[in-house]
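Handing you a structure now.
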Amino acid sequence: MEVLTSQPTIKKKFLEIRKHTEAICSSLQKDDFSVQPVAFVSPPKWHLGHTTWFFEQFVLSVYKEDYTLFSEDFAFYFNSYYNNVGERILRVNRGNMTRPTTDEVYKYRTYINHHLSEFLSNDVDQGILDLVEIGLQHEQQHQELLMYDIKYIFGNQPAFPVLDTTVELKPETTHDYLTIKEGLYEIGHKGKDFCFDNEQGLHKVYIHNCEISKSLVTNGEYLEFIEAGGYSNFNLWHADGWDWVQNNNIQAPMYWHRTEQGYKQYTLKGLKDLNKGLPVSHISFYEAWAFAEWKEMRLPTEFEWEVASKQLNYGQLWEWTNSAYLPYPKYQKAEGAIGEYNGKFMVNTMVMRGASIATPKDHSRPTYRNFFTPETRWQFSGIRLAK
Amino acid sequence: MEVLTSQPTIKKKFLEIRKHTEAICSSLQKDDFSVQPVAFVSPPKWHLGHTTWFFEQFVLSVYKEDYTLFSEDFAFYFNSYYNNVGERILRVNRGNMTRPTTDEVYKYRTYINHHLSEFLSNDVDQGILDLVEIGLQHEQQHQELLMYDIKYIFGNQPAFPVLDTTVELKPETTHDYLTIKEGLYEIGHKGKDFCFDNEQGLHKVYIHNCEISKSLVTNGEYLEFIEAGGYSNFNLWHADGWDWVQNNNIQAPMYWHRTEQGYKQYTLKGLKDLNKGLPVSHISFYEAWAFAEWKEMRLPTEFEWEVASKQLNYGQLWEWTNSAYLPYPKYQKAEGAIGEYNGKFMVNTMVMRGASIATPKDHSRPTYRNFFTPETRWQFSGIRLAK
Amino acid sequence: MEVLTSQPTIKKKFLEIRKHTEAICSSLQKDDFSVQPVAFVSPPKWHLGHTTWFFEQFVLSVYKEDYTLFSEDFAFYFNSYYNNVGERILRVNRGNMTRPTTDEVYKYRTYINHHLSEFLSNDVDQGILDLVEIGLQHEQQHQELLMYDIKYIFGNQPAFPVLDTTVELKPETTHDYLTIKEGLYEIGHKGKDFCFDNEQGLHKVYIHNCEISKSLVTNGEYLEFIEAGGYSNFNLWHADGWDWVQNNNIQAPMYWHRTEQGYKQYTLKGLKDLNKGLPVSHISFYEAWAFAEWKEMRLPTEFEWEVASKQLNYGQLWEWTNSAYLPYPKYQKAEGAIGEYNGKFMVNTMVMRGASIATPKDHSRPTYRNFFTPETRWQFSGIRLAK
Amino acid sequence: MEVLTSQPTIKKKFLEIRKHTEAICSSLQKDDFSVQPVAFVSPPKWHLGHTTWFFEQFVLSVYKEDYTLFSEDFAFYFNSYYNNVGERILRVNRGNMTRPTTDEVYKYRTYINHHLSEFLSNDVDQGILDLVEIGLQHEQQHQELLMYDIKYIFGNQPAFPVLDTTVELKPETTHDYLTIKEGLYEIGHKGKDFCFDNEQGLHKVYIHNCEISKSLVTNGEYLEFIEAGGYSNFNLWHADGWDWVQNNNIQAPMYWHRTEQGYKQYTLKGLKDLNKGLPVSHISFYEAWAFAEWKEMRLPTEFEWEVASKQLNYGQLWEWTNSAYLPYPKYQKAEGAIGEYNGKFMVNTMVMRGASIATPKDHSRPTYRNFFTPETRWQFSGIRLAK
């Protein structure tokens, strides 16, 4: 996580990123801020507070002289999963906290913005700048989560509210495959730019001959899978995937609605007719894998993906790989609370590579390792095939 | 449910009661309106909408000429449990509906107030006035539920917010017992005033000699029960009660907090030191029964209570009786959707008699039969003993 | 629970009843003895041991000089719900205890039979004879439970095994109603014969005019209810009953199987065509109540039933009443562990009156109060209507 | 799965392996055969039937002329998870099937043994011999599962029954580490002997420098981890592992019992004092990983393990690796029902390598890939460290 960004650049970036978080929420109503329809979705208010608390907890309260906490209680509300920094409300109860109010949380943001700007106006050590950088990367991750969560909150109400946003998928156009030549390749982050600990440890991986699609699977192609009975053919599914399909009565991607006029799809612009040319989205790993089985192909490994990445046109949707999320050789988790960021999730999760339309600019790298459990699909996920 | 209130009186009452509902919510923040911490608690916004929908559904849309629904969708949001009048959102999802917004719900209230006032300015049939009367009784019931739900929402947050209200318990002063003489008594509602179907059917009940306390059990007395190990002595409990204690690790009434400085109790005025002179509140039937066992007494039956009621000083807290909620002889449930009001709950519930400080004025009668499942205690409940 | 049976009679009765328990199990295979398909069903082996332990725990180990326990461990295995006499295995784990083996349990029975016979050969106090009497009543109750549990174990396997038994339902023949005249009646057990504590406390109940059917509802009549859509008409059901129907997808009585050749019914003689003339059996309280609603009648109260009992032809199936199981005025629960027998179940249960074909001879009285939660139906239950 | 074993050898092996399964069960009581204390444990009777059904389903009923099924119903009882070959009882209900009886299952075994022996007395195609070989490998896997399940059934009863067996752990003696030199290695099964599809596809893997322990972690070493607070230090655990510890209140390996005289451990020889020199067993992946964290080491990957295997003294306990169970490059699952054997489990599981004392002779290979979900620990599992 070595960073060499200059202090004025960091300060400018700080103010821009903080502003962008609020821009995402600009068209929300007060009622939209506190709700938590399922445990894995956090209320928008919570994201606004949590990203702010991160700077207060790890930077201001440690390094700024005479700094006064905005509120003694806020750590309790806005800690996510850092066991090392104390007690916190249960995740499932986030949606029950009507106080602090949304207005107070916005005041909290203003307070921290002011104090951190002031702090960055004087000289600070590179180590602290690195922490600020992590805080910004962290807030950008939550900007993406905010989009997922708002979409879930809106997409699970009969009113199907609309968000004011320019984020939108584009059609996939090509059907070509890229060839990767068998051999030893270097995997992992190079250079001095920011990256997370899980990308570090440049190492060699031997890759066998393979081909990888230049495009994502489209809604139209996925519809064929559905119509061919994909969701009722157990031979296409992992055992756990088949259980998931059966227990949850899954019959289509998330946000698809079967109507008498054909499938409709909830998007951030409301409920729309299914556009067959767009990439299929909100797909679980189980579905991606079953689709690949049906096509008699497979999902790429994260190593194949990384090697191919320079020639891939990615960035619409996070792409499921068939790689489990595991440490690279020589992986070292960071010391202290920051060490809880990545390593403790390296079991039961699968790697996603690429980026999505909800990913903030400058928050995407070919070596970026995103990860989710195989049944999740509220994230902006898609399918790329290999063979 | 025969009613002989005059039309001008009804109209005046309508406007007063509608206003009172909003008065209860006057000190809430926007964030407080949409939350549903447990399935049995409804968001305040929902109560505001549901009581309004009742008038639209059962009066305006049926009887007012050329009436235009405020919104086609609102029946879906604000129907509670009337299977006869169509689909509705699952109860557990009420807290996930960020739309309609609280602002829209207030507009809905204004719209219905306007139309119903207008409607009542012209002559209407007695049958319709009766429906309006039921709607008012219904809204008064929800005023009480609003108090329960706001208290639950506030009392289960670390911030322990305060509600602006004059509702407050008073100390219990007497320790006397009242004697009821063995014999045949008449039970049920007499006269022409409003009552629910479950109170009707005046009938004879033979009552055996008994004595009934003139006062409610106090926090101080209940504390003795706790300190004597009441919550760990299975002999005092129903089998189901003991399971409830064990499975939920119950050790005190709801809203009590054990601290190093002794017990504190959340009240609508915030977290306070336990006041031993006040009646013990937020007690389940299981706890009331176990306490009575420990005292080697018992809870009165609802018939004993009704016979004694003229001489009782009640109205602080709803009082658990040892009567299951069952139909009176000759009970007839009302026709149509209104028939779902009472009869279908006549199993697995116990009768509570009296009224509470949260009960609206004029919404209390000696024959009133309230009912709850035996483990509930978020309602304003208390204990009166008999022997 | 006053008893005046002579000692020789008791001893004879003891040996007969003990033998009868084993006779019920005579056609079971070893594999049938240890299984517990759901928590409320106990393995036959457990019934054999538990009824035996009752005599050891409450009689021999207390009153017989120099008595040596068969095994120190057996109390742990064979205590059911007597918190007062120590630790026991969790009910749900009864089916996991492969040891003691069935052979050992039979040895245990022989051992206790021998010691209790020997004990009863010498003069013992009336108080002890009373305890033996309770033990016999208890074993008779378990004889009936054994039939329920064996039927459940067999009826939920694809092999549908057959039990060697003479227990069999007979057709219902009459369609008459009996009239009860309004007035004060005495309810409760009279005389010196054995009864349970819940029947005691002779007291007056005022009964209003009613009619009560002389026969039970038949399979044929119940089939009409099904075919008229009874299971999909929410207006006929309690709210809790409707939830139960929906959550468990209930569409017919327990042990009915819809086939292309019409309904079949599992009986202890195997899977048979539905016999329309037999009384409908394995019915929950919810179903009994919904059926009565559909017929525009009601279930009798337990008091009406008791008053009518002399003129009723009962004993085929336990009959649901619309009375919740509550203490009679002046109810006193027994001292000590025996006090856990009845009183602690007096909430959330409904009273059944009569007896069933599985009830042992001499274990039936007009004042007998059986009780079950409203959704249970593995017991031999049926419907009698009133109006 | 290419096999070149001669037909007489196969036949001899068939009879030996079938006999060995029954030998494992020779000291069981009838009561022990039908029980299923948790869903993942199958009744011994079921293993006896299922392994037999495999030969009937995939060999005799397909290839033996005029073969008559032992019973039409048995496929329903004894199919495990082969969706391709029809309906089957729910796994959780295996323990509720009292019929067929254990006696009948033994008759089934005799019947199949007779018919398959007869079948193998005449010339059969190599393809069929391969199927028989798979059936034998399959039965050997179930021999090991039988040991796990019997241990679970016995170890979760207060009687702690003893199994007559020679299977026993030996102390670990060395503390040395083996060095693996960085470079490209070949991974996967070579040669003509039997192996499963998941081992096939010889391919190159680049391995970085590492050291791997020559011995397993002992009870003594693990006890130090416990005493150092390992189970209460969240920093040592995966997030999912920590949830597992908290939700299940895990404080020691499975079968350890904390007593006033120190830890005891249930073994197949009964409850014994903890032997510190023996390898720690019945360890989940989460525990293995946390222990490695505490030691500031790590678990080996399955590739490191395979490369080191020639120099490892393994075979006491299956060893957790830090490799997720994923397909090798060019993995092809078998056609038809046999294809359900492995591939569909390649998500959410971790690879175990080696073998255990419960593994049948000749059922162990350096390339063998066993796999379990990370919380399971009823299998004979242990820990080997790497750095």
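Per-chain residue numbering starts at 1, and chain names A, B, C and D are given in the order in which the chains are listed.
Heads up, the rule we're going with is that a residue touches a chain if its C-beta (ideal position, glycine included) is under 8 Å from a C-beta of that chain, and two chains touch if they have at least 3 such contacts.
Note that this is a predicted model, so its numbers are computed, not measured.
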{"item": "Centroid distance [mean C-alpha coordinates] between chain D and chain C, Å", "value": "45"}
{"item": "Chain B and chain D: spacing of chain centres that average the CA atoms, whole Å", "value": "58"}
{"item": "Chain B-chain C separation of Cα centroids, rounded to whole Å", "value": "37"}
{"item": "Set of chain B residues in contact with two or more other chains", "value": "none"}
{"item": "Category of the chain touch graph - line, ring, star, complete, other", "value": "ring"}
{"item": "Which chain pairs touch, all of them", "value": "A-B, A-D, B-C, C-D"}
{"item": "Complex contact set, residues of chain D against chain C", "value": "29-35, 37, 45, 73, 76-77, 89, 93, 95-103, 153-154, 156-159, 161"}
{"item": "Of chain A, residues touching chain D in the complex", "value": "81, 83-84, 184, 203-206, 208, 234-235, 237-242, 285-286, 289, 298, 322-324, 326-327, 329-330, 339-340, 344-348, 350, 374"}
